[in-house]
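Each of the next two complexes has chain A plus one more chain, namely chain B in the first and chain C in the second.
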Partner chain A sequence: MDFIISFLEQGLIYGVLALGVYITYKILDFPDLSVDGTFPLGASVTATLIVKGVNPYLTLLIAFAVGIAAGICTGLIHVKCQVRDLLAGIIMMTALWTINLRIAGTANVPMLSQQTIFKNDLLGAIVPTGISGYVKILMIVVLALICKLLLDGYLKTKSGYLLRAVGDNDILVTSLAKDQGNVKILGLAIANGLVALAGSMFCQYQRVFDISMGTGAVVIGLASVIIGTSILKKLTFFKPTTAVLFGAVIYMACVALALKKCTPQDTKLITAALLLIVLVVSRGRRKKVKTNA
Partner chain B sequence: MLELKNIHKLYNPGTVNEICLFEDFNLTVNKGEFVSVVGSNGSGKTSMLNIICGSIPIESGTILVNDKNITKEKEFKRNERIGRVYQNPAMGTCPSMTILENMSLADNKGKMYGLGRGTNKDRINYYKEQLSLLGLGLEDKINIMVGSLSGGQRQAMALLMSTMTPIKFLILDEHTAALDPKTAELIMELTDRVIKEKDLTTIMVTHNLRYAIEYGNRLIMMHQGKCVMDKAGDEKQSMSTDDVLRLFNEISIECGN
Partner chain C sequence: MKKKTAAILLSVVMAAAVLAGCGSKSDDNAANTADTTDTSETTEETSGDEQYTIGISQFAEHGSLDNCRTGFLEGLAEEGIVEGENLTVKYDNAMADMGMAGQIASSFISDKVDLVCGIATPSAQTLYNAAMDTDIPVVFTAVTDPIAAELVNEDGSAVGEVTGSSDKLPIEAQLQMIRKVLPDAKKLGIMYTTSEVNSVSAIAEYKELAGDYGFEIVEKGITTTADVPMAADDLLKQVDCVTNLTDNTVVNSLPTILEKANEKNIPIFGSEIEQVKIGCLAAEGIDYISLGKETGKMAAQILKGEKKASELEYLSIADTGLYVNTKVAENLGITLDEELVSGALESFDEITE
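What follows is the complex of A and B.
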């Protein structure tokens, strides 16, 4: 039981990150590597603020806002400086490493006794002792659902329609008398906001900020998106955002299972192998679609 | 009224491959005119459309719309008053969005794309009505992805979408070229109907000489960045496909084709 709850918790936190990656990778068709920097960015901002005694729930919003700012930077580099999408992400990712270190002050910030969104005086007062073991998972489920529902709602607005259109056919956006560059920047902003929010949740969950926690974040996000959208593709009553959350949980379950046999050192290799398998399996299907089109 | 004045356009400027397409090119299109443009490949037809729409930069010259200089205006800004249908049916629609979503997007052109509901439910009947005018049965499948429609259906939608909001100019870039003869005929009839209904000033590039003769009230033939023929009104009405073809051949022989 503990095993299941632990990968559900981690899976859903990474699910929020995957929602962000879903926006860039699937909707905008923009492979955004800045995720590797914005995930720890959210964490470093959160850890610093929490150590200073800021309300942990407020840090979620601040992390989201800081992520938006970073996403706008990636967008500006890509759109205004006309740097290719992959390189724009790499530039931001590299810059953010230093920025994260500067924000946190050191490479490692523990939060052993501080209040977090999972453990604070307020929760301690209102939550009955019987279910206190499930506070973490409940909190994560609520946050992940809020993110998913807000994103679903946003994608149904006029602005959301335009965002979906720009990844699909940017010429149409220009035809609609809108600057496609600005729409791309907006998409990157929201995506990186979500990623930083996930980073904030993750560091409060682990009670530590570590500078290297972002390494491979983009791969986890991609794997979740691809697993989710390709496995649950047949079940059309699932929204893609739901599929992405499921994908992240499935991904974490696979990693957790694999780790039972291996050591934590093997995590990255397992991740890479898993992503490769999913890509190869889903490739056959994509080819079919293309030949039909 | 649309005016192109003293347009100079170079391709690959500053390199050994420098090609001068337009040298002091001028064109005036009056309000309500439906201009058909014909010409061989590389004569500058599509480049002219791209210059009007702002898709490509020019070296010098002025573009005026109703005496207002729009030369410096960005492409997306110009599109507020221009509707454009491309040769490739995929360019006028969003394949992974539904017909309804595509219609809603087009319906909002010129307004803010804010946080309001993407599809206005009160407009759905209007969209269905518009789609039924196409006669393709699209009104019954408004919730399917546009990507699963045929090229002709998508082009019909692209035409509908680009003319849905009040625009002044319609730019048609070989918009029937990728379609089978029957669908092309249908799209051409639709185009003519929309233009007459909405009284749009139109520039249509086409390789189909019959369409160029049959439709529109002015005919231009372009060759090596110049207008070699410009007939309007009665003069145009009295022309036949053979007349155009003859001139076309003369030009081609000059080039050694």
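What follows is the complex of A and C.
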């Protein structure tokens, strides 16, 4: 049970990151590498503020806002400076390394004695001792669901439809007399806001900020999106956002399983193998569904 | 159809890889097969013949850190807690990935091991974070500054059931030694990774003390291994000699730097024994095996219930040793002071690749 909770916790935190990646990669068709920088950006802002005594819940919103700013920068570099999408992300990711170091002041900020969204006086007072072990997972589930539902809601608005149109058929957007550049910037802003929010949650979960925590974040995000959407593709009653969260949990489950069962040197290969098995098995089932239908 | 067969074939191969990989882990712990999988049994402490299970989380694959782990197990063995006899060791390596470190920590805690050991700062922090609300004690080693890492209070007292040892560099002794070897050197170069707190705090101390020994510090920050060659070229142009920290990225790329320095005939000083072996001129440094050993002895006291982790003060190495490489000195055309060489803890007359 503890084992399941531990990968659910991390999986859903990375799930919030994957929701951001879903917007750029799936909806906008924009491979956004700035994620590797905005994930620790959210964390560095959070760590700095928490050490200064700011309310941990407030830091979530601030991290989201800072992530939006970073996303706008990536968008501006791409749209206004006409830098290709991949390179715009790389430029932003590189710049953010220094920015993160400057914000945090050092490469590693511990918050072991600080209040976080998972452990603070208020929670200590209102949560009955019986379920105190489940506070973390409950908090993460609630936050991930809020993100998912808000994103679902947003995608149904006019602005959300435009966002989807930019990825699918950008000529349509232009013919509606809308500037597709602005829509892209908006999409990148929301996406990176979510990623920074995930970074904020993650560093409060681990109670330490480390500059290296962003390395590979974009890979986890992309993998989660692809795993989630391909496994749940036929189950159309699941929204793609649900699928993405699910994908992140699957990814983390594979990592956790590989860690638990294998020698340290092999963990990466085993993780890769498990992920491939998940994808292949899900593809096999999809084909069957097709032939029966 | 062809594709499907290929897909099935591939997944079978991968599944076999998974099984093979997992198989090797159980081989490692073959001595106590029954207990490895079910730790709940081992946590039940019976009087007389006690079985212990510990989890070791190491942050990266790295010579010094590996030495720490070896020493740690040796230390435990000296106190009668021997791996394979009455000790089950779960070892995982985070491969320098914070998310992985967190996973490892929660996996150890859910397995309810008797003690966890974190090697290097991020692993120690994630372990303590996970173990904080449980009664599992945490032992750390190779943490340069436990106070800055919030693993120890500022007055040296315990923050919780956590203690361990620090691998703070003997910077003053190192400067003294370099001055002795190179009486005329002025500019001392240091390369470090901006993401490693250990290095950043060591640089600050170097800068503070350099003036006392007539050195001027030239620092060069890098972010990844890919930056090393360029940074080394640039640094070597500006300095008379170079000294190393225990910076993970730089230490891993040390051969690159040594080769470039040899071309320019610039001496490089190391920070521990392994670096001198592969071609640094000398080092006033730490022996990570003995650091690990001392830490292992602390862990043994905790496991046996003689002391609680919070009652043991953290260790900082008191004595460091000098290591010299006479072959390197010969190549550089430097005559080492006889007294210095004879006073060295260990001297090498060849360069091991």
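Just so it is clear, the second predicted complex is superposed on the first by the 260 of 293 C-alpha atoms of A that agree within 3 Å, B and C clash if a C-alpha of one lies under 4 Å from a C-alpha of the other, contacts with A are read in each partner's own complex, and residues count from 1 in each chain.
Simple rule for what comes next: contacts are C-beta pairs under 8 Å (C-beta built on N, C-alpha and C of every residue); 3 or more make two chains touch, one makes a residue touch a chain.
Predicted model, so just to flag it, every value in this text is computed and none were measured.
Undergrad: So, does A:L274 touch the first partner chain B, the second partner chain C, both, or neither?
TA: second
Undergrad: Does the superposition put A:N169 against chain B (first), chain C (second), both, or neither?
TA: First partner only, chain B.
Undergrad: Mind working out whether A:Q180 is in touch with chain B, chain C, both or neither, as first, second, both or neither?
TA: A:Q180 contacts chain B only, not chain C.
Undergrad: Looking at A:A256 after the superposition, I want to know if it touches chain B, chain C, both of them or none. Which is it: first, second, both, neither?
TA: In the superposition, A:A256 touches chain C alone.
Undergrad: Please name the chain, chain B or chain C, that touches the greater number of residues in chain A.
TA: C
Undergrad: With the two complexes superposed on chain A, say which partner A:S212 touches: chain B (first), chain C (second), both, or neither.
TA: second
Undergrad: Who does A:F7 touch here: chain B (first), chain C (second), both, or neither?
TA: After superposition on chain A, A:F7 lies in contact with chain C alone.
Undergrad: Which residues of chain C touch chain A in the complex?
TA: Listed in rising order, the residues of chain C that touch chain A are 4, 7-8, 10-11, 14-15, 17-18, 21-22, 24-25, 28, 58, 91-93, 95-104, 106-107, 109-110, 121-122, 125-126, 128-129, 132-133, 148-151, 159, 194-197, 200, 223.
Undergrad: Once bound in the complex, which stretches of chain A touch chain C?
TA: 2-3, 5-7, 9-10, 14, 97, 101, 106-108, 110-113, 133, 202, 205-208, 210-213, 215-216, 220, 252, 255-256, 258-270, 273-274, 276-277, 280-281, 283-284, 287
Undergrad: What does chain B use to touch chain A in their complex?
TA: Those residues of chain B that touch chain A are 74-77, 79-80, 83-84, 86, 90-97, 101, 104-106, 108-110, 112-119, 147, 162.
Undergrad: Considering the complex alone, what residue numbers of chain A touch chain B?
TA: Those in contact with chain B are residues 154, 156-162, 164-165, 168-169, 171-180, 293.
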